[in-house]
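The chains carry the letters A, B, C and D, assigned in the order they are written, with residues numbered from 1 in each.
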Amino acid sequence: MTHKIAILGASGYTGAELVRLIATHPSFEIAALAADRKAGMEMSQVYPHLRHLDLPRLVKIDEIDFSAIDLAFCALPHAMSQEMIGDLPKSLKVVDLSADFRLRDPAEYEKWYGKAHGAVSMQGEAVYGLTEFYREDIRNARLVAGTGCNAAAVQFALRPLIEAALIDLDDIICDLKNGATGAGRSLKEHMLYSERSQDVMAYSAGGTHRHLGEFDQEFSALAGRPVQIMFTPHLIPANRGILATCYVKGEASEIHAGLVARYADEPFVVVLPFGDLPGVAHVQGSNFCHIGVAGERIAGRATVVSAIDNLCKGSSGQAMQNANLMLGVEETTGLTLAPVFP
Amino acid sequence: MTHKIAILGASGYTGAELVRLIATHPSFEIAALAADRKAGMEMSQVYPHLRHLDLPRLVKIDEIDFSAIDLAFCALPHAMSQEMIGDLPKSLKVVDLSADFRLRDPAEYEKWYGKAHGAVSMQGEAVYGLTEFYREDIRNARLVAGTGCNAAAVQFALRPLIEAALIDLDDIICDLKNGATGAGRSLKEHMLYSERSQDVMAYSAGGTHRHLGEFDQEFSALAGRPVQIMFTPHLIPANRGILATCYVKGEASEIHAGLVARYADEPFVVVLPFGDLPGVAHVQGSNFCHIGVAGERIAGRATVVSAIDNLCKGSSGQAMQNANLMLGVEETTGLTLAPVFP
Amino acid sequence: MTHKIAILGASGYTGAELVRLIATHPSFEIAALAADRKAGMEMSQVYPHLRHLDLPRLVKIDEIDFSAIDLAFCALPHAMSQEMIGDLPKSLKVVDLSADFRLRDPAEYEKWYGKAHGAVSMQGEAVYGLTEFYREDIRNARLVAGTGCNAAAVQFALRPLIEAALIDLDDIICDLKNGATGAGRSLKEHMLYSERSQDVMAYSAGGTHRHLGEFDQEFSALAGRPVQIMFTPHLIPANRGILATCYVKGEASEIHAGLVARYADEPFVVVLPFGDLPGVAHVQGSNFCHIGVAGERIAGRATVVSAIDNLCKGSSGQAMQNANLMLGVEETTGLTLAPVFP
Amino acid sequence: MTHKIAILGASGYTGAELVRLIATHPSFEIAALAADRKAGMEMSQVYPHLRHLDLPRLVKIDEIDFSAIDLAFCALPHAMSQEMIGDLPKSLKVVDLSADFRLRDPAEYEKWYGKAHGAVSMQGEAVYGLTEFYREDIRNARLVAGTGCNAAAVQFALRPLIEAALIDLDDIICDLKNGATGAGRSLKEHMLYSERSQDVMAYSAGGTHRHLGEFDQEFSALAGRPVQIMFTPHLIPANRGILATCYVKGEASEIHAGLVARYADEPFVVVLPFGDLPGVAHVQGSNFCHIGVAGERIAGRATVVSAIDNLCKGSSGQAMQNANLMLGVEETTGLTLAPVFP
């Protein structure tokens, strides 16, 4: 059985990554590709690496006949999703990759995004898309909200520790190193090659990054009381990858054991032997998450490091994993591509 | 039907690339991995990006029971293949990725490699592994000699032009830009990150690069008379990729038409619209070759540019394409992975 | 004696490079910095690497009192220089870094830049700024036109060979590898980090690059008859640097000897021992040009490779070298900084 | 007056950086260059970027006539310095760039370096080389021990805060991002271009990095009681640079004010406006340290980020700053080169 797929917002990096993944998916077929400003162009003009594929021409969203579509990936910029999704047929399954439906509380949305939510009713309906922790809900969902890529990387490292009360909830520090594709394909001076090559710098420091809304929501729900982490992302000179170095208070060996137990049956999350730490080069191009734990000479401290590919496991790979569940396809289908190294 | 595969020399980059590709091949199964100095180790220790796979432990070659193997990829260093291959069972199919069996003439081998060939009889038996041009021979071969990665990139651009007499044979200049993985994983000062990052330099200039032996052999055979090209590779700061810029004398439009016609039915060679030129980023991680042709203000000149991933189409992907043919599997199986961009 | 310097167009990379160089020049003082869109800002906001310097605030050009200025570097975008320079006091010395005054023939300007020149009288007055070949004219010039960065790299390799009739004038092929800063700081999708990192591609192929106007002018004048070269630049993943690989017909040893003789007394041009070829990493951050010559197995052919830093020797360093001459300062002042490697 | 300088261990990156810096120092003259395994070679063969300089040939240390030398920079590998320095004339001033004399306590040395110190008497004599904090002692020292590059980056951020009791001493977490040159020029598989490009990973996690010995020594002495920090360095794909992100408990505004006050008169340490954070690209090639402070939504927390060039301010630049003091030269001489950006 073939499932007809539409990608809305196909001209961004996450859109292109969806096409890459679907290209080897045995039962997904790309039936429509929408990109507002590039409507009318061939995908091969926008992304020459996809020129070997036989793809539909880019169109505007309202040119799509959604009655012939089984599932739409919505890879639009933030705030555009909430405006558009309400117009889609109610029968259409949707995986949204934007930030629009990640926060369940309208007040939290307004706090982090600076304006009232435009589709509050759907906000409540959306299921948070961290597959490994919302699998059953996702299976039955009509609208799944993909997580932030930083949010995914950190939650893989910390959720089992919070859930099992293995760490001090008031002293969690997450230092992230992020590849450049996380900023998307839009034009910004500081994202030029000449500016980013050879540089590393922090951004959105001081508790201002919007993904903190997701951490607050998820970690507080898990702990049953308010939890706030410190979280500082840094831009590094790499295309793909997030390395999340999490400094926690807890027993390192218990933390390692907790992670090993929690992920024993997960196909995409690999916990390294105690003391081994991951690198982003070893997950690039793949849907895998590598997690390592190191002890510390100071008693009662530990370092937990997770690595993912932000475009894949952090975004489009996660989206396809959720789509598989929503369409009744085996969850790992099309996602077992090995990382490309070097 | 499952084919049992051995990889000899699994600890180098081409060995790891073979494992990556076979990981999603539906009918190949890795039955043995050999690596002399790393025998006894797990592959995940040598290549952590493969740690999600269930792979056999690395062994020495003589520990392998070849009676249980259908085909061996031999990714050993040059000169070691010719010593070892003679000891393998005559019934075993072999794809050799080294330079040992590329040249058919023992004198040419000695000229370029500085010593007499150690397995002259097998040298004659080996089929040159440029699939698109030796397909039928490869189908029936027991021993296929993978081409040099530079040799592949240039031949995709030039073979149809030489064959169809579209260019002047005495004035062919090929300027190559090569990613760092072409130098393998061995330790050399000038291959350190700090030395290569931000640098570009020519190497093996002046007609000294060993892949010239392949060009001489192949182009002279095609033309029916001696042909010598100028060929200068350059190291660029990228992991994968070869961009071959070929300066030729001929009519650009005829050249483009000749390439389009020649590759119309080839699944992995894509000729771009006239005037479009390829970039290596658009083939990385894939088995595709992109070729572009540009005209020139000076009448009767043209520029032909080809791009491949040296580890995939230039080496391990080509090897698997040949193995598919040798084992009676559909040629493109396991090789349609889209490039990873960015 | 202190010379008062203005930089017009200080917010681009060549402007910033001028500030970097002047920072250690013993007799130049930056008296004014102009940048139209960023007027009112501190230079440290535009270029944080200069924040240790005590620099004037950015202003609009018409806010500058040019009576207090000895020399202006004009680093404006092409076409803006010719409009603005006519309004400057006739007594002011000017080094223009744009393309506006490089071509002496108005018809050639129109051919390459697609519109009539707006200051034809000044076009004739301008001296071409390739210091090593126009030194005496520059010393007495009021207006010096900085060369194209590609034009500089190639001319260092080829001028002595054309002048001394050491090479065939009808078969010169120059393949350039260019760092990303050559494209400036303006926002273009293909110049984003994620697009350029790991990629190499040709651009302006086929005899369409505007620097060909300079080559035609200079080489034809040297040869006393029309000379046209083939010239194809490529973008490589490095910030700074141009490597010009020039394929010529001539005797390699004579070519090497000719270059050694020509540059024996030049402080910034270093000819390597025969057979050694340069890398761009070895000139980055400096005003040096390294040139190497390799022989070729095909008799009568040779490869000449030159390497410069496009922002320094190819642009701002050359400009300061010329300014030194124009102001009667020792030519090498402030320019002997060693390259920064690695 | 000219000071005669010897560099022992000239073939490593810190040796080459010393040559680069001395090249524009008005009163230092390189009288001898020693490199054991490369003795007999020209420096231009080992470092082609220095080929424009007129340098003495590399020799073995025992070939140097130290009676003609005023000061020796000792850039030897760790453990070799302590063996060799005792043999030098007692009148010779020495700046040691190795780890051998950084720790004053022989027991601490043995703890971190795994063997007894071989020159305990000299260990006591050595002055710790963090210029901004040991200036007067350095002025009168015969032997100065250069700091670890990580140790320098972190101490610039934290010393004034510990000294002024502005932060909680029991909860200091330093997450470092380090360029590849910090690993030197020795051959290691994980330092190959293909391995490091596009990767980021932690190393020496868990309180095992040897620079912790320096932190313990310095911070405990400052605080008057034992202080232990958490410190995890990460390798990032850049040649030069250390970004130290320090997570502390204290009032961000007080911390900023404390740093501004402490460094107001320091020529090389620049504190950014509150909320601005530095990037390593803005200090590369220079002796500057940029420090920024960000507040945090969680009350009583702050982030302090410092950036230096590990080869310059973290090693050879610091060494030359100290040499200036020891020889009675103005401290900033030869060190005011602006960073090279981009």
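We take it that a contact is a pair of C-beta atoms (placed from the backbone, for glycine too) under 8 Å apart; a residue touches a chain by one contact, two chains touch by 3 or more.
All of these numbers come straight from a predicted model, not from anything done at the bench.
For the interfaces C-D and A-D, the C-beta contact count is higher for A-D. The greatest centre-to-centre gap from chain A, using C-alpha centroids, is found for C. One simple way to say how far apart two chains are is to compare their mean CA positions; for chain A and chain C this gives 45 Å.
Distance between chain A and chain D, defined via averaged C-alpha coordinates, is recorded as 39 Å.
Centre-to-centre separation of chain C and chain D, using mean CA positions: 36 Å. In chain B, 13, 179-181, 194-195, 197-198, 237-240, 278-279, 281-282, 284, 342 are the positions where the chain touches two or more neighbouring chains simultaneously.
The part of chain B that touches chain C in the complex is made up of residues 171, 173, 175, 177, 179, 194-195, 197-203, 205-208, 212, 228, 230, 232, 234, 236-241, 243, 245, 247, 252, 275, 277-282, 284, 294-298, 301, 303, 305, 342.
Listing the residues of chain C that touch chain D in their complex gives 13, 16, 19-20, 23-24, 47-53, 180-181, 197-198, 239-240, 268, 270, 272, 278-279, 281-286, 288, 290, 336-342.
By the touch criterion stated above, chain A contacts chain C in their complex at residues 13, 179-181, 183, 185, 187-189, 191-198, 237-239.
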